[in-house]
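Here the structure is laid out as structure tokens; the discussion comes afterwards.
First chain written, first letter: the chains are A, B, C and D, and each begins at residue 1.
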Amino acid sequence: MMLLAGERLSIAFGGVHAVEDVSLAVAEGELVGLIGPNGAGKTTLLRLLTGILAPDSGRVLFEGRDITRMPIHRRAQLGFALTHQIVRPFRDMTLAENVMMAAAGGVTARPWRALAKVDARGARERAMALLARLGIDDAADKLARNVPLGYLKRMQAARALALEPRLLLLDEPLAGLNAAEATRFADLIVELNAGGITILLVEHNLGEVTRIARRLLVLHNGSLLAEGEPRAVMARQDVRDAYLGEEAHA
Amino acid sequence: MDYYLSVATFAALNVILAIGLNLISGFCGQVSLGHAAFYGLGAYAAALASVAGVPFPLAILGGVLVAGVFGIVVGFAALRVREDFLAIVTMGVGFLFLGAVRKQPWLGAEMGIAKIPSPLDKWGYAALAIGAAVALVLLSLHVRRSWMGRAFGAVAQDEDAARTIGIDVAGYKIAAFFIGTAAAGLAGGIYAHMTQLIIPDTFNFIQSITILAMVVIGGIGSTYGVVAGAILLTLMPELFRFINDYKLLVYGALLLLVMRFSPGGLAGMIQRAFGVRLA
Amino acid sequence: MAIVPAVKSATALLAAAALGIALAAPASAQNIRIGFHAPLTGFAASDGKSALNGAELAVEQVNAAGGVNGRKIELVVQDDQAKADQAVPLANKYIGEGLKLVVSGSYSGPTRAAAGVFQNAQIPYVSAYAIHPDITRAGNYVFRTSFMGEVQGRAAAKFVGDIMKKRKVTLVTLNNDFGQSLSAGFKEVAGKFGIQIASEYTYAMGDRQFGSIVASVKRDNPEMLYVSGYFFNGGPLVAQLRAGGVTAPILGTEGFDTHNFIKIAGQAAEGVMITTSLDRDSKSPEMRKFIDDYEKKFNTPADMVAASTHTAIKVAANALAKAGADDPAKIRAAIAATKDFQVATGRISFNELGEIYKAAQIQVIKDGKFRHQATIDDPQLLAPPTK
Amino acid sequence: MYYVELLLVGLIWGCTYAMMALGLTLVYGLLRILHVAQATVFTLGAYIGLLAANHTGSLAAAFVTGALAAGALGPLIYRLVYQPILDRPPFVALVASIGVLVAMEDGFRLLFGPYGLSFENNVWFTTTYSFAGMTVNLVQVWMVVAAVLLLSAFAVFATRTRAGVAWRATVSDPAMAESFGISVTGVRYVNFLIASVLAGVAGVLVGLLNNLVEPGMGGVIAYKGLAIIVLGGLGSVPGTLAASLVLGVVESYGTVFLDKLLDRDAIAFLFLIVVLMIRPHGLLGAR
């Protein structure tokens, strides 16, 4: 059974088909890259999968279960984690507190249970361990508003991992990082995948994504254009045209 | 003595109102400009119950629940509209409450509800109001330290991000509105029985703004600051009675000056002066 | 750094506060002090100003005539902003300061709230012009020297039905306790005088634009209009009714009884009639003296609110003269025993509830002045409640 | 005919609202401040205009002086109150703004007396025109004319002039505008100036319409203006115009037909809440 599947997803905004009849599937343990030129509908597709948007038609399945209408926080509780393209830290919390918020998922799931619990030591320990794993524990007690972007990207990953996810959706995690940082972060993604987390990666950095993904999905004009082994996909003429077309227009 | 007692009672009621609003706006980040409506809902519900013969404790509880339930309804509205839109919607809720009460004969319309049974004496009301205020302050301090408070903070700072890490944003918003408005209902119930008389105008937009001013002057988000703000703004008209004619002028100027020179309110002032962050 | 100016201004305020208390405290121990609260700030500040003027004039006249038993009287003035919740601490403050008699120059909200406090403390309390029926029901220490809203509404109905002989009437009612009780009194007895209520429209305190009401009144085409309100909303309302082509006679209320009403409505005010307790054409010397002294002292014509507080203070001083200034119970008894006491607004006698009977004056605006039109003197119709 | 007259009444109200609310929208669009103190600018314009008219006997003088006084006060409020706290959370500016309103309302009372002032010779008010059974006075006519003229002038300013282009660029992206060499501070002053002049003219017109200028006359604008700009979609100029007219008409019918249930303010806000529940970003809001 597939861990995550989208079945014939479509959505239109004001008559424009942003995503049209896209089906995709991610098996347990996979590291899949989702690419496409600007405006291809990648972010929209990701939003359909995570529940930020509801599709006009089609379904989203998680382990065969229909979650199309399930609220976002419930998906997160199922083990469905994502990072945002633009980092979204809680700016007035420290990095550790940011991660603790996710690490305490069991406690914060219900407001009334959260009211009864004060103790934060367990969450703090787990958060510190994750920050250490991502190499940013030195800034654990700094306010998120005061640390640089590289740290926030890692913090965001740590926060997603604190949910103990089975599936991680990463929205352009390498954007804004320099080449060295991007390579290091990409290696980290491989490592996480090797540790048993299924990953769907939306990325613009084609070099890194073809390097680490084992399978690529190419989106163009809201439809799935190609799918398969990275090098083979990138060699296809229609994929090249799609990207070249973008440049020609740009 | 009676004078100090009545001022202390009003200060305690204002603490309850301000702490409730701070839970909604300070902790959970949902600006409300209609808090007086819930004060009024509590007062009217408790008064009607009492006039109908319901025992005092149950009447007060009724006021708390009616205000809280309407608070939940507004909490649902807060799921639909955000930020400044929400601020104006809550303001609208205040006007809607008042406009409806003014026209309903069974709510006394403009004449209000009088002859509300009063089971306690002045000392009793002072003790009840101060006791309730202390209990709410303790609750507020606890909320801040608990995981609920942390989750409120997450919702206040970035509700979309909060969702993606499994926080039930809707649930927390509704919880904040419920606790905050139920507290206002409690204040309303006590007020109605103490004065034995309620009229719609007591719960108008100016009252909502006054409660907001208490929160902001005290330092939004800080429980102790808000308590200080509520007490200060209750005492101020009393302190300034000798300048009858300039009272509002001074009041308005004070709001302006505090915001201009210490936007963090009293709590912000203390933080800058002593480096201590008030809970 | 920015804290410095804030601290400076706070210090300045505290200093001012200390100074103010120092100034306010001693005054003159020999004077008899009467509490007086009115809405000096806030939306009702205009009536508060007139109320204070009327009261001050009464104090001046009493003192000029030798005071009360050789002692001068003085007012201890407090602002209540016309707010009910301000009135409770305010009342307690008067009690705490040892005052033995308090007069309300304010609206019904604060007056009702304070009445209960004064009754509990057994301090006599006289309401000058608040109209709510519950005020005197607070107990035997509470009195009212004007008539209630319902009674005034009944007088209006008699005038419209009996004297003007109008049958089809439209009500335009201010949506507050004043307007609602006038309307209730009018409707209560309308049938008795053969009046048929064609329609009723209401408006809120803050409204100044009445286009939709004017259009509706034109459609209803009544023979007469009964309009409640204060000068600041009634003035624009009457002007707009006339400008909109409504020609039916208009009967207003004591809320219009000020020259400010005429200033706002201008030509449209001509012919408007009002129910009030102030008869400007009265030959009564008390009345003439009030009107003349007021205009001389304040350089503006007297109005109904000022006459009402003037009356209340006169009644209070009269009781103090009989009962002395020390024992609230005696003062209360002296007020209750007031009999045919002549003041600017008529003769004052209280019934067992602390209400008075007064004939209602109908005044009409002619050449920009209030003139006598009729007097409704019907002890049965205008009888105040006794419990 | 009756229903047409109610519609007409509503549209005239709507023009009044538009004049008052447009300034609020301009300030909100640029600074994200709910500029409650606009009400005092409006009231000052009315007072100064009235004093000028009663002194000189000329209504033209009233509009010029009213607009000048308002035009001076608005930017002053920006400089002294808002500018130092721009980087603070929005409620800080809101509460400061409320402080200005409360203090100035009381200041007006102390300065000009509690009774309010009336025009000595308000010819516009007494000049009426009747047609098809409906009557309007000259102030109402001017209200509509002023709304149409001033708002069209604003549209021309925003689209055809250099200053207007700078203004629009600053509204949509202040940082970007600054990098193009636009003086953001200058734009803000111009913004407050325009908003305040509109409020001042509206103040004189409303003063004429009521033949009464009183300390609390800005009260309505302080809260209903906010309702209108939210209804219009916060910061949207066309949205504000549409919302003003719609709300005027809703109130006109509502005050007559819902009289037994709700008062005028409650009708307006009920409408607002219903619209926002269906369209969370207002009538013409983006997103």
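Criterion: a residue touches a chain if its C-beta (ideal position, glycine included) is under 8 Å from a C-beta of that chain, and two chains touch if they have at least 3 such contacts.
Note that the structure is predicted; figures quoted are calculated from it, not measured.
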Required minimum of steps from chain A to chain C, each step between chains that touch: 2
Most centrally placed chain - per-chain CA mean versus overall CA mean: B
C-D against B-D, pair bridged by the larger set of C-beta contacts: B-D
Intercentroid distance (Cα basis), chain D paired with chain C, Å: 35
Distance between chain centroids, defined by C-alpha means - chain B, chain D (Å): 30
Computed distance of Cα centres, chain D from chain A, in Å: 47
Centre-to-centre distance between chain B and chain A (centres being mean Cα positions), rounded to whole Å: 41
Chain C residues counted as touching two or more neighbouring chains: 41, 175, 202, 204
Contacts with 2+ other chains: residues of chain D: 106, 263-265
Overlap residues in chain B, where contacts from two or more other chains coincide: 102-103, 245, 247-248, 250, 254, 257
Pairwise touch network: line, ring, star, complete, or other: other
Touch list for chain C against partner chain D, complex: 41, 43, 45-46, 48-49, 175, 201-204, 206-209, 211-216, 218-219, 232, 235-236, 239, 243-245, 258, 260, 263-267
Partner chain B, residues of chain A touching it in the complex: 50, 52, 71-74, 76-77, 81-82, 84, 88-93, 97, 100-102, 104-105, 107-118, 120, 159-160, 162-163
Complex contact set, residues of chain B against chain A: 142-143, 145-148, 150-151, 153-154, 157-158, 160-172, 174-175
Interface residues, chain B side, partner chain C - complex: 1-7, 10, 102-103, 109-112, 114-115, 191, 195-199, 201-202, 237-245, 247-248, 250, 254, 257-258, 261-262, 269, 272-273
Chain B partner contacts - residues on chain C that touch it in the complex: 2-3, 5-6, 9, 13, 16-17, 20-21, 23-24, 40-42, 77-79, 81, 83-86, 88-89, 92-93, 95-96, 109, 112-113, 116, 121, 132, 134, 175-177, 179-181, 202, 204
